[in-house]
Amino acid sequence: MFAGLTSARDRRISDTARVEAFSDGVFAIAITLLVLEIHVPDAVEIHDAGGLVPALLPLWPAFLSYLASFLTIGVIWLNHHRVFTVIVKVDRVLNWWNLMLLLAVAFIPFPNALVAQTLPEGIQSADARSAAVIYGVVFTLATVPWVFIWLHVRRRPELVGHQVSASRWRTYIRRPLIGMGIYAVSAVLGYFLPLPVVILYIALAVFFAL
Amino acid sequence: MFAGLTSARDRRISDTARVEAFSDGVFAIAITLLVLEIHVPDAVEIHDAGGLVPALLPLWPAFLSYLASFLTIGVIWLNHHRVFTVIVKVDRVLNWWNLMLLLAVAFIPFPNALVAQTLPEGIQSADARSAAVIYGVVFTLATVPWVFIWLHVRRRPELVGHQVSASRWRTYIRRPLIGMGIYAVSAVLGYFLPLPVVILYIALAVFFAL
Amino acid sequence: MFAGLTSARDRRISDTARVEAFSDGVFAIAITLLVLEIHVPDAVEIHDAGGLVPALLPLWPAFLSYLASFLTIGVIWLNHHRVFTVIVKVDRVLNWWNLMLLLAVAFIPFPNALVAQTLPEGIQSADARSAAVIYGVVFTLATVPWVFIWLHVRRRPELVGHQVSASRWRTYIRRPLIGMGIYAVSAVLGYFLPLPVVILYIALAVFFAL
Amino acid sequence: MFAGLTSARDRRISDTARVEAFSDGVFAIAITLLVLEIHVPDAVEIHDAGGLVPALLPLWPAFLSYLASFLTIGVIWLNHHRVFTVIVKVDRVLNWWNLMLLLAVAFIPFPNALVAQTLPEGIQSADARSAAVIYGVVFTLATVPWVFIWLHVRRRPELVGHQVSASRWRTYIRRPLIGMGIYAVSAVLGYFLPLPVVILYIALAVFFAL
C-alpha cells in the first residue's frame, strides 16, 4: 500500500481537494469582481444627469452584461462541481486543462467591461458589435478545456472512481462540443445583434442551470 | 450501495462541501471588497481640506454604509452557515437559489457605493433618498432566495439529514418572510429617512447576529 | 447521541470548519488586495520623472506600508490558525467576535493607503503623523476581539476540545492584552515618529511570527 | 496519545489544511486580480482610436504580460500543491517561509502592471527594460522561499509523512535553485530583450507545468 502511494506520487496523481479549492477561489473572485465594473456615477455625473436615478438608467447595459457574466460563470462553476464528482484524481495534464479553464473564467470581467462600455453608444454601433463578438469568443474558449479534460480522462480511466461505459464517455465529450457550437454561433450572431445576444446568454445560463 | 451512489449522481444530488466553499468565497470577497469603495483622499483633496483629518471627516457616510454592508453580509453568511448545518445535500434547484442569493450578496458593494456617494450631499437630499431605497431593495432581494430554498427543501426532504417536524418547516419558511418584510419596510422608510435607515441596518445586523 | 446533536444544534454550536474557511477567505483577500493600493505610474508620470525607476523611487513609503500591512495581516492569520487549533466549536457569540476581528482585518487596506499617500509629503508632516496614528489605532482595534474571544471561551469550556488549566486561561487572555498595549503605544508614538513606527510594525510582525 | 497531541501543540506543529486553504486563497486572488490591470478603453479613447478594435490592439503587451503572470502564478500553485503532498505538518518556520512565498506571489500584479504600462512605449525603450528586469527579479524572489522550505523540512523530518532518502532531499533543494538561476538569468536578459523575455516566461510556465 505504501508502495502504491509512492508510485502514485511519482506519477503525480493526487486527489482533487486542492484543485477544487483553488478553482472555487478563482470562480468566486471572478464572479464577485464583476460588480466593480459597474461604474458608480460621481457627484458631477449625478448633477449633470439631474439626479441619481437618471444617472443610473443609461447604465442598463452594464447591469445586463453583469447578469449575463454572473450567470455564465455560475453555470461554469456548477458544471465544474458536477464534473469533479465524476473525476476523483488529477494529474499534470488535467491540472493544465483546468488552469486553461480558469484562465478563460478569470478573463471574463474584461469582455464584460467592453460590452458595458460600448452598448450605451447604441445597440447597433460598430463597437457594440465588436464587443459582443469578443464576449462570445471568450465564452466559446471557456468550453474548449472541457473537451480536452474528457478526452484525457477517457485515456486515463484511473482518474475516475468508477467504471464508465463507452456511450457515457461519448456523452461527456459531446456535451462541451455542443456548448462550444452554441457559443460560437452566438459570437457570430453578436456581430449582427449585440443586445439580443447578451440577453441570449442570460437565457442560456438559466437553461443550462435548470 | 454503489447503485445508490450512481442513482444519486444521476439525480445530481451531491453533498454541500463545494457549495459551501464557493459561497464562503463569494461572501468573503464581497465583504472584503467593500473597503475599496471608501475613497482615499489624494494629495490635492488633503491640501484643499486643510489636512488629512479634515479631508476624512466628510467621508463619515462612507464609513457608516461600510459598517452597515459589512455587518449585513456577515449576518447573511452566519445564516448561510446555520442553514447548511440543516441542509446536507444539494440538487440543481437548490444550487440555483443559492446562486441567486450570491448574486444579491455580490451586488451589495454597488448600492453601498451609491449611499456613500450621495449621503454627503445632504442627509435629506433627493439622491440620498433614492440611494437608500435602492440599498434597501437589494437587502430585501437578498432575503427572497431563502424562502424558495426552504420551500424546495420541504418538498425534497432527502436534502435534509434528519426528520423535520411540520411546525419546524413553517418556522424555517416564516423567518426569511419576516426578514423580507422588515427590509421591504426599511426600503420604503429609506425614502423618508435615508440616514436613520442606514443606522437601522447596523442595528438589525447586530440584533440578527446575537 | 442523536439527541446530543439536536441539542447542540438548538444551542447553535457548530464545528469550526466553515468559520475557518470564511475567515481564511477574508484574510487571503485583504492581504492580496494591498498590492492594488500601490500606484502604478502612468505614461505622463514616468515621462515627468525622467524614467520608470525615478518614478518608482518616491513610492518607497507605499512599499514600506505594503510590507508592514502584509506581515501584520499574515501574523493575525497565523494567530487565528493557532487559536482555532485550541477552539474546536463555535457559537453565536464566538462567531460575532470573529466577525469583529475580520472587520478590523478587512479595513486595514484603508489606513495602509493613508500612510502610503501621506508619508511622501514628508516623514514629519502633520498628515503623515495623523495617518500613522490611524494605522496604529486600527492595528490596536484588531487585538480587541481576541480578548473577548478568550473571555467568552473560558465561560463556555465546551468550545475547547480538552481541559485547560486556570493558568493557561490567564496566558490566553494576557497575550492579546499585551499585544493591545504594544499597538496602542505604537499608535501614540506614530504621532511623533510616523516613519519609524511603520518600520516597527514590520519588526513586530517578524518577532510575533518567529 | 493525548500527551503526544499536547506536546505537538506546544511545539506548535499543526497539519497543513488551513495553510493550504489560506495559500489557495492568495493564489486564486492574485491570479484573478490580474485582469483588473488590463485597461478597458473609455469612450474617448475608443473614439480617438477610430473604434473598439483599433483601441484594443495597442494593448497587446498587457495581454502578453497577463498571460505570462497568469501562467507563472498557476505553475507556482501547481508546485505548492505538489510540495504539500510531501509535507504533511507545518511549524512556525515553515509558516513563515510560506508567507514569504505568498508575499512574492501577491506582489506579482505590480511588476505585471509595470510591463503592461511600459512595453507599448517601444519594445526596446529604457522603461520597458527596467520593467522587464523588475518583473524577472520578483519571479526570482518567488523561488527563494522554496529553498528555505526544503532546507528547514530536511532538518525537521517529522514534517514529512514518510522516509525521504538523502538523494531525494538533494533533488528537492536543487530544483528551486535551478528555477532561481533560470529566473535570475531571465531578469538580466530582460534588460537587453524585454519582449522576448516576457514570451520566455510563458514558455517556461508551459514547460514547468507539463
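Letters are used for the chains, namely A, B, C and D, taken in the order the chains are written, and counting of residues starts over at 1 for each.
By definition in this document, contacts are C-beta pairs under 8 Å (C-beta built on N, C-alpha and C of every residue); 3 or more make two chains touch, one makes a residue touch a chain.
Just so it is clear, the structure is predicted and the values come from calculations on it, not from any experiment.
> Over half shared numbers or under half: where do the identical copies chain A and chain D land at their interface, same or different?
Interface between chain A and chain D is built from largely different residues.
> Note the rotational component of the Cα superposition from chain C to chain D, reported as an angle of 0 to 180 degrees in steps of 5.
90
> CA centre of chain A versus CA centre of chain B: separation in Å?
Computed from C-alpha means, the inter-chain centre distance equals 24 Å.
> How many Å are there between the centre of chain B and the centre of chain D, using C-alpha atoms for each centre?
34
> Going through chain D residue by residue, note those that touch at least 2 other chains and give them in order.
Counting only residues that touch two or more other chains, chain D contributes 21, 24-25, 28-29, 33, 36.
> Show which residues of chain B lie in contact with chain C when the two form their complex.
It comes out as residues 20-21, 24-25, 27-29, 31-36, 38, 40-43, 46, 51-53, 66-67, 70-71, 74, 77-78, 81-82, 84-86, 162, 209-210.
> Write out the stretch or stretches of chain B touching chain A in their complex.
Counting only chain B, the residues touching chain A are 2, 6, 9, 12, 14, 18-19, 21-22, 24-26, 28-30, 33, 36-37, 92-93, 95-96, 99, 102-103, 106-107, 109-110, 113-114, 117-118, 121, 126-127, 130-131.
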